[in-house]
Amino acid sequence: MTQLVRFGVSLEKELLGKFDQRIRSKNYTNRSEALRDLIREDLVRKEWQEGKEVAGSIALVYDHHKRELVNKLLDIQHDFGTCIISSQHIHIDHNNCLEILAVKGSPEKVQRLSDSLKAVKGVKHSALGMSTTGKDI
Amino acid sequence: MTQLVRFGVSLEKELLGKFDQRIRSKNYTNRSEALRDLIREDLVRKEWQEGKEVAGSIALVYDHHKRELVNKLLDIQHDFGTCIISSQHIHIDHNNCLEILAVKGSPEKVQRLSDSLKAVKGVKHSALGMSTTGKDI
Amino acid sequence: MTQLVRFGVSLEKELLGKFDQRIRSKNYTNRSEALRDLIREDLVRKEWQEGKEVAGSIALVYDHHKRELVNKLLDIQHDFGTCIISSQHIHIDHNNCLEILAVKGSPEKVQRLSDSLKAVKGVKHSALGMSTTGKDI
Amino acid sequence: MTQLVRFGVSLEKELLGKFDQRIRSKNYTNRSEALRDLIREDLVRKEWQEGKEVAGSIALVYDHHKRELVNKLLDIQHDFGTCIISSQHIHIDHNNCLEILAVKGSPEKVQRLSDSLKAVKGVKHSALGMSTTGKDI
(Lines give C-alpha, C1' and ligand atoms only; values in the text may rest on other atoms or scores of the structure.)
Protein backbone atom coordinates (compact mmCIF):
# COMPACT_ATOMS: atom_id res chain seq x y z
CA MET A 1 0.00 0.00 0.00
CA THR A 2 1.11 3.53 -0.72
CA GLN A 3 2.37 5.35 2.35
CA LEU A 4 1.17 8.91 2.88
CA VAL A 5 3.49 11.53 4.34
CA ARG A 6 2.13 14.70 5.93
CA PHE A 7 3.95 18.01 6.11
CA GLY A 8 3.12 21.68 6.67
CA VAL A 9 3.00 24.37 4.02
CA SER A 10 2.83 28.10 4.65
CA LEU A 11 1.12 30.44 2.22
CA GLU A 12 0.27 34.11 2.10
CA LYS A 13 -3.36 34.49 3.20
CA GLU A 14 -4.39 36.25 0.00
CA LEU A 15 -2.67 33.68 -2.23
CA LEU A 16 -4.41 30.89 -0.32
CA GLY A 17 -7.76 32.59 -0.94
CA LYS A 18 -7.06 32.76 -4.68
CA PHE A 19 -5.90 29.14 -4.70
CA ASP A 20 -9.04 27.91 -2.87
CA GLN A 21 -11.25 29.79 -5.33
CA ARG A 22 -9.35 28.36 -8.31
CA ILE A 23 -9.48 24.74 -7.16
CA ARG A 24 -13.20 25.00 -6.34
CA SER A 25 -13.81 26.08 -9.94
CA LYS A 26 -11.88 22.99 -11.07
CA ASN A 27 -14.01 20.74 -8.78
CA TYR A 28 -11.33 19.74 -6.30
CA THR A 29 -12.62 18.70 -2.88
CA ASN A 30 -9.38 19.23 -0.98
CA ARG A 31 -6.12 21.16 -1.24
CA SER A 32 -3.81 18.15 -1.01
CA GLU A 33 -5.25 16.59 -4.16
CA ALA A 34 -4.94 19.89 -6.04
CA LEU A 35 -1.32 20.29 -4.95
CA ARG A 36 -0.54 16.68 -5.87
CA ASP A 37 -1.87 17.40 -9.36
CA LEU A 38 0.24 20.55 -9.77
CA ILE A 39 3.30 18.56 -8.68
CA ARG A 40 2.54 15.68 -11.03
CA GLU A 41 1.91 18.03 -13.98
CA ASP A 42 5.32 19.54 -13.40
CA LEU A 43 6.94 16.08 -13.21
CA VAL A 44 5.20 14.90 -16.40
CA ARG A 45 6.41 18.00 -18.29
CA LYS A 46 9.92 16.98 -17.16
CA GLU A 47 9.37 13.38 -18.34
CA TRP A 48 8.55 14.70 -21.83
CA GLN A 49 11.72 16.84 -21.82
CA GLU A 50 14.18 14.37 -20.36
CA GLY A 51 12.47 11.10 -19.48
CA LYS A 52 12.95 7.61 -20.93
CA GLU A 53 9.34 6.51 -21.31
CA VAL A 54 6.09 8.44 -21.59
CA ALA A 55 2.54 7.57 -22.56
CA GLY A 56 -0.31 9.50 -24.13
CA SER A 57 -2.43 9.88 -27.21
CA ILE A 58 -2.08 11.00 -30.81
CA ALA A 59 -5.30 12.34 -32.32
CA LEU A 60 -5.35 12.39 -36.13
CA VAL A 61 -7.97 14.07 -38.29
CA TYR A 62 -8.07 13.09 -41.94
CA ASP A 63 -10.22 12.91 -45.03
CA HIS A 64 -10.58 9.20 -45.75
CA HIS A 65 -11.44 9.88 -49.41
CA LYS A 66 -7.83 10.70 -50.22
CA ARG A 67 -6.25 7.96 -52.32
CA GLU A 68 -3.73 5.74 -50.59
CA LEU A 69 -4.03 7.69 -47.34
CA VAL A 70 -5.22 4.83 -45.16
CA ASN A 71 -2.53 2.49 -46.47
CA LYS A 72 0.19 5.03 -45.82
CA LEU A 73 -1.01 5.59 -42.26
CA LEU A 74 -0.98 1.85 -41.63
CA ASP A 75 2.53 1.53 -43.07
CA ILE A 76 3.85 4.23 -40.75
CA GLN A 77 2.06 2.75 -37.76
CA HIS A 78 3.71 -0.60 -38.44
CA ASP A 79 7.13 1.05 -38.69
CA PHE A 80 6.62 2.47 -35.19
CA GLY A 81 4.93 -0.73 -34.03
CA THR A 82 6.30 -1.01 -30.55
CA CYS A 83 5.04 2.36 -29.43
CA ILE A 84 1.40 2.07 -30.54
CA ILE A 85 -0.75 0.17 -28.05
CA SER A 86 -4.17 0.43 -29.68
CA SER A 87 -6.36 2.82 -31.61
CA GLN A 88 -9.96 3.95 -31.88
CA HIS A 89 -11.65 5.34 -34.95
CA ILE A 90 -14.55 7.82 -35.09
CA HIS A 91 -16.49 8.92 -38.17
CA ILE A 92 -16.88 12.64 -37.48
CA ASP A 93 -18.88 13.36 -40.64
CA HIS A 94 -19.09 12.28 -44.27
CA ASN A 95 -15.51 13.38 -44.95
CA ASN A 96 -13.62 13.54 -41.69
CA CYS A 97 -12.28 10.74 -39.50
CA LEU A 98 -10.84 11.14 -36.01
CA GLU A 99 -8.39 8.39 -35.18
CA ILE A 100 -6.84 8.23 -31.74
CA LEU A 101 -3.74 6.18 -31.00
CA ALA A 102 -2.77 5.17 -27.47
CA VAL A 103 1.02 5.44 -27.39
CA LYS A 104 3.91 4.57 -25.10
CA GLY A 105 7.64 4.94 -25.70
CA SER A 106 10.49 7.43 -25.60
CA PRO A 107 9.42 11.07 -25.99
CA GLU A 108 11.51 11.40 -29.18
CA LYS A 109 9.96 8.36 -30.82
CA VAL A 110 6.40 9.35 -29.95
CA GLN A 111 7.06 12.86 -31.28
CA ARG A 112 8.53 11.45 -34.50
CA LEU A 113 5.53 9.18 -34.96
CA SER A 114 3.20 12.15 -34.56
CA ASP A 115 5.25 14.22 -37.06
CA SER A 116 5.37 11.39 -39.62
CA LEU A 117 1.62 10.81 -39.50
CA LYS A 118 0.90 14.54 -39.84
CA ALA A 119 3.18 14.77 -42.89
CA VAL A 120 0.97 12.36 -44.88
CA LYS A 121 -1.09 14.19 -47.50
CA GLY A 122 -4.73 14.20 -46.46
CA VAL A 123 -4.00 14.27 -42.73
CA LYS A 124 -5.35 17.64 -41.67
CA HIS A 125 -4.15 17.73 -38.08
CA SER A 126 -2.37 15.72 -35.44
CA ALA A 127 -2.42 16.52 -31.72
CA LEU A 128 -0.24 14.94 -29.09
CA GLY A 129 -1.78 14.41 -25.64
CA MET A 130 1.31 14.33 -23.41
CA SER A 131 0.68 12.07 -20.43
CA THR A 132 2.58 9.47 -18.43
CA THR A 133 2.86 5.77 -17.68
CA GLY A 134 2.22 6.68 -14.06
CA LYS A 135 5.09 4.45 -12.94
CA ASP A 136 7.23 7.12 -11.37
CA ILE A 137 4.61 9.47 -9.97
CA MET B 1 -14.31 17.51 -55.04
CA THR B 2 -12.03 19.97 -53.34
CA GLN B 3 -10.72 22.67 -55.62
CA LEU B 4 -7.03 23.48 -55.43
CA VAL B 5 -5.80 27.05 -55.84
CA ARG B 6 -2.20 27.80 -56.76
CA PHE B 7 -0.32 30.95 -55.85
CA GLY B 8 3.28 32.12 -55.60
CA VAL B 9 5.26 32.64 -52.41
CA SER B 10 8.59 34.40 -52.10
CA LEU B 11 11.10 33.45 -49.44
CA GLU B 12 14.64 34.44 -48.55
CA LYS B 13 16.98 31.82 -50.05
CA GLU B 14 18.55 30.99 -46.68
CA LEU B 15 15.19 30.66 -44.95
CA LEU B 16 13.97 28.36 -47.71
CA GLY B 17 17.06 26.17 -47.18
CA LYS B 18 16.30 25.91 -43.46
CA PHE B 19 12.65 25.17 -44.17
CA ASP B 20 13.48 22.41 -46.68
CA GLN B 21 15.84 20.82 -44.18
CA ARG B 22 13.25 20.99 -41.41
CA ILE B 23 10.42 19.45 -43.43
CA ARG B 24 12.66 16.65 -44.71
CA SER B 25 13.38 15.73 -41.08
CA LYS B 26 9.61 15.62 -40.47
CA ASN B 27 9.14 13.34 -43.53
CA TYR B 28 7.26 15.75 -45.78
CA THR B 29 7.53 15.02 -49.49
CA ASN B 30 6.59 18.50 -50.70
CA ARG B 31 6.49 22.09 -49.51
CA SER B 32 2.79 22.67 -50.14
CA GLU B 33 1.76 19.93 -47.73
CA ALA B 34 4.14 21.28 -45.06
CA LEU B 35 2.75 24.81 -45.48
CA ARG B 36 -0.83 23.53 -45.38
CA ASP B 37 -0.03 21.86 -42.05
CA LEU B 38 1.48 25.04 -40.56
CA ILE B 39 -1.61 26.96 -41.67
CA ARG B 40 -3.99 24.36 -40.24
CA GLU B 41 -2.10 24.19 -36.93
CA ASP B 42 -2.50 27.95 -36.61
CA LEU B 43 -6.23 27.73 -37.42
CA VAL B 44 -6.78 24.90 -34.91
CA ARG B 45 -5.05 26.92 -32.16
CA LYS B 46 -7.55 29.68 -32.99
CA GLU B 47 -10.49 27.22 -32.83
CA TRP B 48 -9.46 26.28 -29.28
CA GLN B 49 -9.28 29.96 -28.30
CA GLU B 50 -12.43 31.24 -29.96
CA GLY B 51 -14.19 28.46 -31.85
CA LYS B 52 -17.58 26.85 -31.27
CA GLU B 53 -16.70 23.20 -31.71
CA VAL B 54 -13.44 21.30 -31.42
CA ALA B 55 -12.47 17.63 -31.23
CA GLY B 56 -9.61 15.75 -29.65
CA SER B 57 -8.62 13.37 -26.91
CA ILE B 58 -8.38 13.30 -23.13
CA ALA B 59 -5.80 10.83 -21.81
CA LEU B 60 -6.28 9.87 -18.15
CA VAL B 61 -3.81 7.92 -16.04
CA TYR B 62 -5.12 6.46 -12.81
CA ASP B 63 -4.57 3.80 -10.20
CA HIS B 64 -7.63 1.56 -10.47
CA HIS B 65 -7.14 0.23 -6.92
CA LYS B 66 -8.44 3.49 -5.43
CA ARG B 67 -11.86 2.97 -3.89
CA GLU B 68 -14.79 4.49 -5.74
CA LEU B 69 -12.52 5.96 -8.39
CA VAL B 70 -14.00 4.15 -11.37
CA ASN B 71 -17.57 4.97 -10.31
CA LYS B 72 -16.73 8.66 -9.91
CA LEU B 73 -15.13 8.79 -13.35
CA LEU B 74 -18.22 7.20 -14.88
CA ASP B 75 -20.50 9.66 -13.09
CA ILE B 76 -18.57 12.63 -14.44
CA GLN B 77 -18.46 11.16 -17.95
CA HIS B 78 -22.24 10.80 -17.88
CA ASP B 79 -22.65 14.42 -16.74
CA PHE B 80 -20.69 15.51 -19.81
CA GLY B 81 -22.34 12.85 -21.95
CA THR B 82 -22.82 14.74 -25.17
CA CYS B 83 -19.15 15.55 -25.59
CA ILE B 84 -17.68 12.07 -25.11
CA ILE B 85 -17.82 9.98 -28.28
CA SER B 86 -16.05 6.80 -27.17
CA SER B 87 -13.18 5.60 -25.02
CA GLN B 88 -10.43 3.02 -24.99
CA HIS B 89 -8.78 1.50 -21.94
CA ILE B 90 -5.22 0.19 -21.59
CA HIS B 91 -3.71 -1.69 -18.65
CA ILE B 92 -0.29 -0.09 -18.43
CA ASP B 93 0.90 -2.21 -15.52
CA HIS B 94 -0.41 -3.80 -12.33
CA ASN B 95 -1.45 -0.44 -10.91
CA ASN B 96 -1.82 2.06 -13.72
CA CYS B 97 -4.56 2.41 -16.32
CA LEU B 98 -4.47 4.68 -19.35
CA GLU B 99 -7.95 5.65 -20.49
CA ILE B 100 -8.39 7.74 -23.62
CA LEU B 101 -11.62 9.56 -24.39
CA ALA B 102 -12.45 10.78 -27.88
CA VAL B 103 -14.19 14.13 -27.35
CA LYS B 104 -16.07 16.73 -29.36
CA GLY B 105 -17.77 19.92 -28.15
CA SER B 106 -17.13 23.53 -27.22
CA PRO B 107 -13.56 24.25 -26.09
CA GLU B 108 -14.83 25.38 -22.65
CA LYS B 109 -16.82 22.21 -22.05
CA VAL B 110 -14.04 19.89 -23.15
CA GLN B 111 -11.60 21.79 -20.91
CA ARG B 112 -14.00 21.57 -17.96
CA LEU B 113 -14.43 17.84 -18.52
CA SER B 114 -10.66 17.36 -18.50
CA ASP B 115 -10.33 19.46 -15.30
CA SER B 116 -13.14 17.58 -13.53
CA LEU B 117 -11.67 14.18 -14.33
CA LYS B 118 -8.22 15.25 -13.18
CA ALA B 119 -9.63 16.53 -9.88
CA VAL B 120 -10.80 13.03 -8.88
CA LYS B 121 -8.58 11.50 -6.21
CA GLY B 122 -6.55 8.68 -7.74
CA VAL B 123 -6.34 10.27 -11.18
CA LYS B 124 -2.64 10.99 -11.54
CA HIS B 125 -2.68 12.94 -14.78
CA SER B 126 -4.90 14.15 -17.56
CA ALA B 127 -3.67 15.42 -20.92
CA LEU B 128 -5.75 17.15 -23.53
CA GLY B 129 -4.92 16.46 -27.19
CA MET B 130 -6.26 19.59 -28.90
CA SER B 131 -7.40 18.74 -32.41
CA THR B 132 -10.30 19.60 -34.69
CA THR B 133 -13.46 18.25 -36.30
CA GLY B 134 -11.84 19.07 -39.64
CA LYS B 135 -15.05 20.71 -40.86
CA ASP B 136 -13.67 24.17 -41.40
CA ILE B 137 -10.13 23.41 -42.51
CA MET C 1 2.46 43.02 6.30
CA THR C 2 1.44 39.85 4.53
CA GLN C 3 -0.07 37.27 6.85
CA LEU C 4 1.11 33.69 6.45
CA VAL C 5 -1.30 30.79 6.92
CA ARG C 6 -0.04 27.28 7.65
CA PHE C 7 -1.85 24.08 6.71
CA GLY C 8 -1.03 20.38 6.30
CA VAL C 9 -0.62 18.56 3.01
CA SER C 10 -0.46 14.78 2.59
CA LEU C 11 1.48 13.22 -0.25
CA GLU C 12 2.40 9.70 -1.32
CA LYS C 13 5.92 8.99 -0.05
CA GLU C 14 7.24 8.19 -3.53
CA LEU C 15 5.70 11.30 -5.08
CA LEU C 16 7.22 13.42 -2.32
CA GLY C 17 10.63 11.92 -3.10
CA LYS C 18 10.27 12.84 -6.78
CA PHE C 19 9.07 16.32 -5.86
CA ASP C 20 12.02 16.94 -3.50
CA GLN C 21 14.45 15.80 -6.19
CA ARG C 22 12.79 18.04 -8.80
CA ILE C 23 12.80 21.19 -6.66
CA ARG C 24 16.41 20.66 -5.62
CA SER C 25 17.34 20.62 -9.30
CA LYS C 26 15.50 23.93 -9.69
CA ASN C 27 17.40 25.42 -6.70
CA TYR C 28 14.50 25.72 -4.27
CA THR C 29 15.47 25.74 -0.62
CA ASN C 30 12.08 24.71 0.77
CA ARG C 31 8.88 23.00 -0.29
CA SER C 32 6.53 25.85 0.57
CA GLU C 33 8.21 28.21 -1.87
CA ALA C 34 8.11 25.57 -4.62
CA LEU C 35 4.40 24.93 -4.01
CA ARG C 36 3.66 28.66 -3.93
CA ASP C 37 5.31 28.95 -7.36
CA LEU C 38 3.27 26.08 -8.84
CA ILE C 39 0.10 27.71 -7.49
CA ARG C 40 1.04 31.13 -8.87
CA GLU C 41 1.96 29.70 -12.28
CA ASP C 42 -1.48 28.13 -12.46
CA LEU C 43 -3.15 31.41 -11.45
CA VAL C 44 -1.15 33.42 -14.00
CA ARG C 45 -2.16 30.99 -16.79
CA LYS C 46 -5.75 31.69 -15.71
CA GLU C 47 -5.15 35.48 -15.78
CA TRP C 48 -4.04 35.19 -19.42
CA GLN C 49 -7.16 33.20 -20.28
CA GLU C 50 -9.76 35.19 -18.40
CA GLY C 51 -8.17 38.04 -16.51
CA LYS C 52 -8.56 41.81 -16.95
CA GLU C 53 -4.94 42.89 -16.68
CA VAL C 54 -1.67 41.08 -17.22
CA ALA C 55 1.96 42.14 -17.60
CA GLY C 56 4.94 40.70 -19.40
CA SER C 57 7.32 41.17 -22.26
CA ILE C 58 7.31 41.14 -26.04
CA ALA C 59 10.66 40.22 -27.59
CA LEU C 60 11.04 41.25 -31.24
CA VAL C 61 13.85 40.20 -33.55
CA TYR C 62 14.24 42.18 -36.76
CA ASP C 63 16.64 43.15 -39.47
CA HIS C 64 17.03 46.91 -39.11
CA HIS C 65 18.20 47.29 -42.71
CA LYS C 66 14.67 46.78 -44.02
CA ARG C 67 13.27 50.02 -45.36
CA GLU C 68 10.58 51.68 -43.31
CA LEU C 69 10.64 48.91 -40.74
CA VAL C 70 11.60 51.02 -37.74
CA ASN C 71 9.00 53.67 -38.58
CA LYS C 72 6.25 51.10 -38.89
CA LEU C 73 7.17 49.53 -35.56
CA LEU C 74 7.03 52.94 -33.91
CA ASP C 75 3.65 53.70 -35.49
CA ILE C 76 2.18 50.48 -34.13
CA GLN C 77 3.69 51.03 -30.71
CA HIS C 78 2.07 54.44 -30.56
CA ASP C 79 -1.31 52.99 -31.56
CA PHE C 80 -1.08 50.65 -28.56
CA GLY C 81 0.46 53.36 -26.43
CA THR C 82 -1.19 52.68 -23.12
CA CYS C 83 0.01 49.12 -22.88
CA ILE C 84 3.72 49.67 -23.57
CA ILE C 85 5.63 50.76 -20.48
CA SER C 86 9.18 50.91 -21.81
CA SER C 87 11.56 49.14 -24.14
CA GLN C 88 15.19 48.10 -24.42
CA HIS C 89 17.14 47.58 -27.60
CA ILE C 90 20.06 45.20 -28.19
CA HIS C 91 22.28 44.97 -31.27
CA ILE C 92 22.64 41.20 -31.64
CA ASP C 93 24.90 41.39 -34.69
CA HIS C 94 25.43 43.43 -37.83
CA ASN C 95 21.91 42.63 -39.10
CA ASN C 96 19.74 41.58 -36.17
CA CYS C 97 18.19 43.66 -33.42
CA LEU C 98 16.48 42.33 -30.31
CA GLU C 99 13.92 44.77 -28.95
CA ILE C 100 12.09 43.97 -25.74
CA LEU C 101 8.93 45.78 -24.73
CA ALA C 102 7.65 45.75 -21.16
CA VAL C 103 3.87 45.54 -21.49
CA LYS C 104 0.78 45.78 -19.28
CA GLY C 105 -2.89 45.62 -20.28
CA SER C 106 -5.70 43.25 -21.14
CA PRO C 107 -4.56 39.84 -22.45
CA GLU C 108 -6.38 40.45 -25.76
CA LYS C 109 -4.72 43.81 -26.35
CA VAL C 110 -1.24 42.58 -25.49
CA GLN C 111 -1.73 39.59 -27.79
CA ARG C 112 -2.95 41.86 -30.61
CA LEU C 113 0.07 44.13 -30.14
CA SER C 114 2.39 41.13 -30.39
CA ASP C 115 0.59 39.88 -33.55
CA SER C 116 0.65 43.31 -35.20
CA LEU C 117 4.35 43.78 -34.60
CA LYS C 118 5.15 40.31 -35.91
CA ALA C 119 3.15 40.97 -39.08
CA VAL C 120 5.48 43.80 -40.12
CA LYS C 121 7.77 42.78 -42.96
CA GLY C 122 11.31 42.40 -41.66
CA VAL C 123 10.26 41.31 -38.18
CA LYS C 124 11.55 37.76 -38.00
CA HIS C 125 10.05 36.69 -34.72
CA SER C 126 8.05 37.88 -31.76
CA ALA C 127 7.78 36.07 -28.44
CA LEU C 128 5.37 36.89 -25.66
CA GLY C 129 6.59 36.41 -22.08
CA MET C 130 3.32 35.90 -20.20
CA SER C 131 3.67 37.22 -16.67
CA THR C 132 1.59 39.16 -14.19
CA THR C 133 1.21 42.52 -12.45
CA GLY C 134 1.53 40.59 -9.20
CA LYS C 135 -1.44 42.46 -7.74
CA ASP C 136 -3.67 39.46 -7.15
CA ILE C 137 -1.16 36.81 -6.28
CA MET D 1 21.63 41.53 -50.08
CA THR D 2 19.26 38.73 -49.30
CA GLN D 3 18.16 36.81 -52.38
CA LEU D 4 14.46 36.03 -52.70
CA VAL D 5 13.31 32.74 -54.22
CA ARG D 6 9.81 32.35 -55.61
CA PHE D 7 7.88 29.07 -55.78
CA GLY D 8 4.28 27.93 -56.16
CA VAL D 9 2.06 26.58 -53.41
CA SER D 10 -1.26 24.80 -53.94
CA LEU D 11 -3.98 25.00 -51.30
CA GLU D 12 -7.58 23.84 -51.02
CA LYS D 13 -9.80 26.80 -51.91
CA GLU D 14 -11.65 26.67 -48.60
CA LEU D 15 -8.46 26.45 -46.56
CA LEU D 16 -7.06 29.43 -48.46
CA GLY D 17 -10.19 31.40 -47.58
CA LYS D 18 -9.77 30.62 -43.89
CA PHE D 19 -6.07 31.49 -44.07
CA ASP D 20 -6.72 34.84 -45.74
CA GLN D 21 -9.32 35.70 -43.11
CA ARG D 22 -6.94 34.71 -40.29
CA ILE D 23 -3.98 36.72 -41.55
CA ARG D 24 -6.14 39.80 -42.15
CA SER D 25 -7.19 39.64 -38.50
CA LYS D 26 -3.47 39.56 -37.57
CA ASN D 27 -2.78 42.60 -39.81
CA TYR D 28 -0.68 40.92 -42.48
CA THR D 29 -0.64 42.66 -45.83
CA ASN D 30 0.44 39.66 -47.90
CA ARG D 31 0.48 35.86 -47.77
CA SER D 32 4.22 35.43 -48.23
CA GLU D 33 5.00 37.37 -45.06
CA ALA D 34 2.43 35.35 -43.10
CA LEU D 35 3.88 32.06 -44.38
CA ARG D 36 7.43 33.21 -43.63
CA ASP D 37 6.34 33.89 -40.04
CA LEU D 38 4.74 30.45 -39.62
CA ILE D 39 7.95 28.87 -40.96
CA ARG D 40 10.16 30.93 -38.67
CA GLU D 41 8.00 30.18 -35.61
CA ASP D 42 8.41 26.48 -36.33
CA LEU D 43 12.19 26.86 -36.73
CA VAL D 44 12.50 28.86 -33.49
CA ARG D 45 10.57 26.17 -31.57
CA LYS D 46 13.16 23.74 -32.94
CA GLU D 47 16.04 26.02 -31.84
CA TRP D 48 14.71 25.92 -28.28
CA GLN D 49 14.49 22.12 -28.39
CA GLU D 50 17.79 21.33 -30.07
CA GLY D 51 19.65 24.49 -30.94
CA LYS D 52 22.97 25.83 -29.65
CA GLU D 53 22.07 29.46 -29.11
CA VAL D 54 18.78 31.25 -28.56
CA ALA D 55 17.76 34.71 -27.42
CA GLY D 56 14.75 36.11 -25.63
CA SER D 57 13.52 37.64 -22.42
CA ILE D 58 12.95 36.67 -18.81
CA ALA D 59 10.23 38.69 -17.08
CA LEU D 60 10.38 38.58 -13.28
CA VAL D 61 7.72 39.89 -10.92
CA TYR D 62 8.72 40.37 -7.30
CA ASP D 63 7.93 42.17 -4.10
CA HIS D 64 10.95 44.37 -3.49
CA HIS D 65 10.15 44.64 0.23
CA LYS D 66 11.36 41.09 0.86
CA ARG D 67 14.62 41.11 2.76
CA GLU D 68 17.70 40.13 0.83
CA LEU D 69 15.70 39.49 -2.32
CA VAL D 70 17.42 42.05 -4.52
CA ASN D 71 20.88 40.90 -3.44
CA LYS D 72 20.07 37.27 -4.17
CA LEU D 73 18.75 38.15 -7.62
CA LEU D 74 21.95 40.06 -8.37
CA ASP D 75 24.10 37.16 -7.15
CA ILE D 76 22.33 34.73 -9.47
CA GLN D 77 22.50 37.13 -12.40
CA HIS D 78 26.25 37.41 -11.92
CA ASP D 79 26.61 33.61 -11.82
CA PHE D 80 24.94 33.44 -15.21
CA GLY D 81 26.75 36.56 -16.38
CA THR D 82 27.50 35.67 -19.95
CA CYS D 83 23.92 35.05 -20.90
CA ILE D 84 22.37 38.28 -19.57
CA ILE D 85 22.74 41.17 -22.00
CA SER D 86 20.86 43.91 -20.19
CA SER D 87 17.81 44.51 -18.03
CA GLN D 88 15.03 47.01 -17.51
CA HIS D 89 13.12 47.63 -14.32
CA ILE D 90 9.53 48.84 -13.92
CA HIS D 91 7.75 49.85 -10.71
CA ILE D 92 4.33 48.29 -11.24
CA ASP D 93 2.88 49.52 -7.96
CA HIS D 94 3.89 50.15 -4.35
CA ASN D 95 4.83 46.48 -3.86
CA ASN D 96 5.47 44.88 -7.22
CA CYS D 97 8.43 45.24 -9.57
CA LEU D 98 8.63 43.92 -13.11
CA GLU D 99 12.20 43.26 -14.17
CA ILE D 100 12.94 42.14 -17.71
CA LEU D 101 16.23 40.56 -18.69
CA ALA D 102 17.37 40.35 -22.30
CA VAL D 103 19.10 36.97 -22.57
CA LYS D 104 21.20 35.02 -25.07
CA GLY D 105 22.80 31.59 -24.68
CA SER D 106 22.12 27.88 -24.85
CA PRO D 107 18.48 26.91 -24.28
CA GLU D 108 19.43 24.85 -21.21
CA LYS D 109 21.35 27.68 -19.58
CA VAL D 110 18.63 30.26 -20.21
CA GLN D 111 16.03 27.85 -18.80
CA ARG D 112 18.18 27.20 -15.72
CA LEU D 113 18.61 30.93 -15.17
CA SER D 114 14.85 31.41 -15.34
CA ASP D 115 14.27 28.52 -12.90
CA SER D 116 16.89 29.78 -10.45
CA LEU D 117 15.48 33.30 -10.38
CA LYS D 118 11.94 32.00 -9.87
CA ALA D 119 13.07 29.82 -6.96
CA VAL D 120 14.12 32.87 -4.93
CA LYS D 121 11.66 33.61 -2.13
CA GLY D 122 9.71 36.76 -2.95
CA VAL D 123 9.83 36.22 -6.71
CA LYS D 124 6.20 35.69 -7.59
CA HIS D 125 6.52 34.74 -11.22
CA SER D 126 9.00 34.33 -14.03
CA ALA D 127 8.08 34.08 -17.70
CA LEU D 128 10.40 33.12 -20.50
CA GLY D 129 9.89 34.83 -23.88
CA MET D 130 11.40 32.28 -26.28
CA SER D 131 12.85 34.09 -29.30
CA THR D 132 15.91 33.85 -31.48
CA THR D 133 19.20 35.54 -32.36
CA GLY D 134 17.87 35.71 -35.92
CA LYS D 135 21.19 34.45 -37.27
CA ASP D 136 19.90 31.30 -38.90
CA ILE D 137 16.48 32.39 -40.05
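Order as written gives the chain letters A, B, C and D; numbering starts at 1 within each chain.
Methods note: a contact is a pair of C-beta atoms (placed from the backbone, for glycine too) under 8 Å apart; a residue touches a chain by one contact, two chains touch by 3 or more.
Fair warning: this is a prediction, and the values are worked out from it, not measured in the lab.
Two copies of one chain, chain C and chain D, form a contact in which over half of the residue numbers belong to both partners. Separation between the centroids of chain C and chain D, computed from CA atoms only, is 8 Å. Inter-chain centre distance (chain B to chain C, centres taken as mean C-alpha positions): 25 Å. Among the residues of chain D, those touching two or more other chains are numbered 40, 137.
Under the stated contact rule, the graph of chain-to-chain touches is a ring, a single cycle where every chain has exactly two partners. Across the whole structure, chains are in contact as follows: A-B, A-C, B-D, C-D. Residues of chain A touching chain B in their complex: 23, 26-29, 33-34, 37, 40-41, 44, 55-63, 85-88, 90, 92-93, 95-96, 98, 100, 102, 104, 115-116, 118-119, 121, 124-135, 137.
Contacts from chain B toward chain D in the complex involve residues 2-16, 18-19, 22, 31-32, 35-36, 38-40, 42-43, 46, 136-137.
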